[in-house]
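What follows is subunit A paired twice: with subunit B in the first complex and subunit C in the second.
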Partner chain A sequence: MDARTRWGRFSRSEAATGLKLISPTALYALIMLAVPLAAIVAYSFLTDGYLEIIWTPTLENYAEAWGDPLYRQVMLRSLMVAGLVTLATVLLAFPVAYYVSFYVRPGRKSLWLFLITIPFWTSYLIRVFLWKVILGFNGVVNSSLMGLGIIDEPLTFILYNVNAVVITLAHAYAPFAILPIFVALEKIDRSLLEASRDLGESTFMTFWRVTLPLAMPGVVAAVLIVFIPTIGDYVTPQLVGGPEGRMIANAIQLQYLRLDNYPLGSALAVSAMLIVTAVSLIFVFLNRRFLRVKQ
Partner chain B sequence: MRGLRVYTIFYLIFLYAPIILLPLFAFNASTIIAFPLSGFTTEWFAELWAAPAMHQALRNSLIIAVSSAVLATCLGIFAARAATRFTFPGKGPIMGLIMLPLVLPEIIVAVSLLVVLLGVGINLGMWTVILGHVLICTPFSIAILNSAFLSLDGSLEEAAYDLGETRWSTFRLITLPLIMPGIISSLLISFTISLDEFIIAFFLTGTEPTLPVYIWSQLRFPTKIPSIMALGTILVALSIVLLIIAEYYRRLGVRKTGGKDTGGFL
Partner chain C sequence: MKPIIELRGVNKYYGDYHALRDIEADIGEGEFFSLLGPSGCGKTTLLRTIAGFEDVSSGTVHIGGKLMEGVPANKRPTNMVFQSYAIFPHLSVAQNVGFGLRRRSDLNAPAKQALIEDALDMVGLDGYGGRAAHALSGGQRQRVALARALILKPKVLLLDEPLSALDKKLRDQMQSELRRLQRHVGITFILVTHDQEEALIMSDRIAVMFEGRIAQLATPQQLYRRPQSRQVADFIGVMNFLPARVTGVQGDAVALEVAGLGAVQIAAEQAPGGAATGQASVGFRPETLTILFDGEAPKGRVADGVIDEVTYYGDMTYYAVRLEGVEQPLTISMRNVFGRKVLAQGEATRVAWDPGALVLFG
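Presenting the complex of A and B:
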């Protein structure tokens, strides 16, 4: 009786209403996301027999994923490419976000943001392919540089290698860096900047000591939003990377769809996730000072 | 701050570079995608019109995109409403799990779903792609609807309760009309994301290719590329129109609820 009334009270409470309301979405995420993620973790400890899976737990897949110099190289390259892309994207994006937040009239800001986001709602595959056209042997960059007489022979170091992957991905993830930085800059109380100037700081020192630290939560968010998906990108390395630009997603795809070795593919996927999580946590930890700032 | 302005304009040119090239090659008479351009033609659009495989892929993509948009927006309404109005135990972790696809590399979502679907013995097809797309569209839908629910004045709902409306009728008569612009822009954004998504479709589609999967298969054949450029041009024009509609409704929503326009989709 007591239990029933307590249940009755609970089921009418705010907490129960909230839980009931969120349950369809939460269940969907549980079945379609949490369970599959658990499944690939489980798979990564099994062995691939011919046409079947051998159900004895083993660490062999991890030994191969971490020990084989080929996979180690691909993993390190993915980390390096993702790091370079993040650095390039965030450094190039910051001034744009700064300009839109500080120098554009408030009524015009959403128009600018709209202009920045438009190119990214168009076919990703075709965009990447067009970078191949821009950077190619007879491409836009080479033909214009040769037309201007700056170079005699087409540059070959800009396509089918890591450079091409970095350029293409830095383009693809630009808005993901601009928007969080813009939001952080918008939240800054402008009177703090006036106070700093009144107290005799120069424009640069005001930026360095007031604006930048207050914008750091946005920068940290931008870094994570660019870094994490970039490391798992498949299309760009496949189209513009050439043999020496392959990344971890290409290795995972190869194991799953071509070689049918699910356990090894899963071990590679889980390893990639662990590394990404570790790097992200370290990054957040190093920047914890800025994240504690009350907005 | 002249320098900053010039830099921003150059940056915009960098952002738009691929999109400016697209129509140039779509109307270029040569099959080789390189400069100099050789002449004007609409041949590639005609070729596209006569490709039955493309029409089938487009039909598949539209079915998938419409279903994913509707399902993701429904799930988004539940979650955004719960997240903005109620506090409940485990709210942080639950929302974290739901929003996780935003930061998870898509290939991980794709392979993990593939493993489970094949493990359970489900045949791959259009609806397995829908399952994956709903998962990645829902966080975007929640982000849009969260701001719609947050800018909603709670006292309007209270007034409706006080005047004797039930929970459901209040939602239908007061809340739903006010968040309708948010719902429409959520539908359009989810539709656009699903239409353009490649990796999940590539892994989960089986023998029913979506438009991006079809494009991917054509990129291997140099002679097919001009008609892919034509297709790209049509898609760009279409998504700009959809985005302008989505932006219009978002602004309409902001004005309706009397909020301040902070701009942007995120």
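Presenting the complex of A and C:
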């Protein structure tokens, strides 16, 4: 078979049609994502020389990114904040998803899902500012509590620190956690729950032995969807985090735009990416384990 | 017969919809009992009421002499085989079968394992314990569902259309296997089915249901030979109906005029739904009518007719015969005998019939 007929056959095949369909997106992703990413990886191995980049390859930046206690602390804080946000979001999202799936009658479910997505109607930035208003020194929470006589002076531990970051991010990402868990719960055949009851298990044990294991793929998806973007979030810690709530994205921004140290900023970015990848892979493997037993 | 389940005046409403109407039944210990009816007749609702998934609007359900009011499904001495089998997809076959054993604190792990193996063995799945549940075929899933229910030694096993998802060959095989299993374990089985043949083959007794009501509760033979109403007669097997007029009822004898067949006297037990003078109809099963071939001497009475249609099945031939003066042709089934010709459409024929085989409907 010569090359021409092989090409002819390929161009008529389904694979070729598929490739043609995705090629604009693929091209866009390549130029806008892969190239900058490659540039960042390249930068991270170069040397910083104040107002210019010195083209000498070095591992100095990584040594600093991983060795400097300041960066290590920021990275650990990012991990902790993302972990807390994920935990809070998934724990709070599960009952909501469960309620919508099991107690809302079928005709009303889409209305509920619609209501759950209402926070997306306003810009992310505005929602973060709103939390500033709610949690601030003279904010809604403090003035209400003072007005009720519960506290004498405004609480200060609720704004410009890690707590504020966790509260704001958990609110922002709630719908992202609710939806995958809801989908997983919806897929559970209700006769399985009846079978468990029929075999002698109480409502709680039925939840524990049947509902929860079958909802795990949704929970794992929710964990990934919340964890990955929150660990690199920049806006929320910048606006409500204060100096002690600073996260890795803020540190990267500092290196790039304030200190003009592209190589160190890049090394921090690549390090953060590697950590997120490692955490995500753990969950992906977990999910595969759960998915394997599902039909 | 000692009843294990007693249903007294059971009614069930869903809003305005009256799903079960005045259900009265005793189901015996060790009996193979079927609830038979078209879809929407309430048979599954009744089964779920016994299982404890639905509560009754009025009336009582007793199982093993105990009132079941307020007793949830997990506390009832019943187990169910679901229509979809409801096999837990995240568990292995052995874990599925042993699901209900968690609460048996009197058994240690090896004892439970032995019970699981016995149960798998009983349904012909020995060695399948380690398999993932989702890798099973339809027939195997059903066996797992059976083993999972029977391992708990319930007083009553409830089966919700368990064979409807299987292909014909497997269904036939499972019918006899279920019957064998029921005799082996001696537990009361209650089977819900819309397949009248399945109900006749498997059951000791059958409750035929229409529109939430039990239309007739009888053995398969009674149901087939003496259906109480046209509706039951029509639902079970094939029944030929002829218009008739009851001319007199005297003690144990009923006198009728049947269209195309003339005057006849029958016993009162041939009118299980009761008889009163006036318009009525009579029914004949296809095999109670006989086509007389050349030179055959008639047994019973004879009517003249013309062959309207012939359907040849190999072992059987179904003839549609039009009697003189009757619009509706009668279906007559004849076993094919070697050497005897099959009649053709349009041929004149004589039909022998036995007044004793006739059923009168008011």
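Things worth noting here:
As a working rule, the second predicted complex is superposed on the first by the 286 of 295 C-alpha atoms of A that agree within 3 Å, B and C clash if a C-alpha of one lies under 4 Å from a C-alpha of the other, contacts with A are read in each partner's own complex, and residues count from 1 in each chain.
Quick note on the criterion: a residue touches a chain if its C-beta (ideal position, glycine included) is under 8 Å from a C-beta of that chain, and two chains touch if they have at least 3 such contacts.
Because the structure is predicted, anything quoted here is derived from the model rather than measured.
In the superposed model, A:Leu257 lies in contact with subunit B only, and not with subunit C. In the superposed model, A:Leu37 makes contact with subunit B only, not with subunit C.
Legend: residue contacts after superposition of the two complexes on their common chain; A:Leu92 is shown touching subunit B, with no touch to subunit C.
In the superposed pair of complexes, A:Ser191 makes contact with subunit C only, with no contact to subunit B.
When the two complexes are superposed, the chain touching more residues of subunit A, out of subunit B and subunit C, is B.
Of the two partner chains placed by superposition, only subunit C is touched by A:Gly200; subunit B is not. In the overlay built on the shared chain, the residue A:Asn287 is in contact with neither subunit B nor subunit C.
Shared-chain residue A:Asn161: touches no atom of subunit B or subunit C.
When the shared chain is aligned, subunit B comes close enough to touch A:Ser123, but subunit C does not. Residue overlap on subunit A between the subunit B contacts of one complex and the subunit C contacts of the other is empty.
Of all residues in subunit C, only 51, 53, 72-75, 78-80, 82-84, 86, 88-91, 99-100, 102-103, 132, 134, 148-149, 152 touch subunit A in the complex they form.
Note for the complex: subunit A touches subunit C at residues 189, 191-192, 194-202, 205, 209-210, 213-214, 290, 293-295.
Across the complex, subunit B meets subunit A through its residues 1, 4-5, 7-8, 11-12, 14-19, 21-22, 25, 32-36, 74-76, 78-79, 81-83, 85-91, 94, 97-98, 100-109, 111-116, 119, 131-132, 134-135, 138, 142, 192, 196, 198-199, 203, 212, 215-216, 219, 225, 228-229, 231-232, 235-236, 239-240, 242-243, 247, 251, 261-266.
Subunit A makes touch with subunit B in their complex at residues 14-19, 21-26, 28-30, 32-37, 39-40, 43, 92, 95-96, 98-100, 102-103, 109-110, 113-119, 121-127, 129-131, 133-134, 136, 138-140, 143-144, 171, 174, 179-180, 182-183, 186, 224-225, 228-229, 231-235, 239, 249, 252-253, 256-257, 262, 265-266, 269, 272-273, 276.
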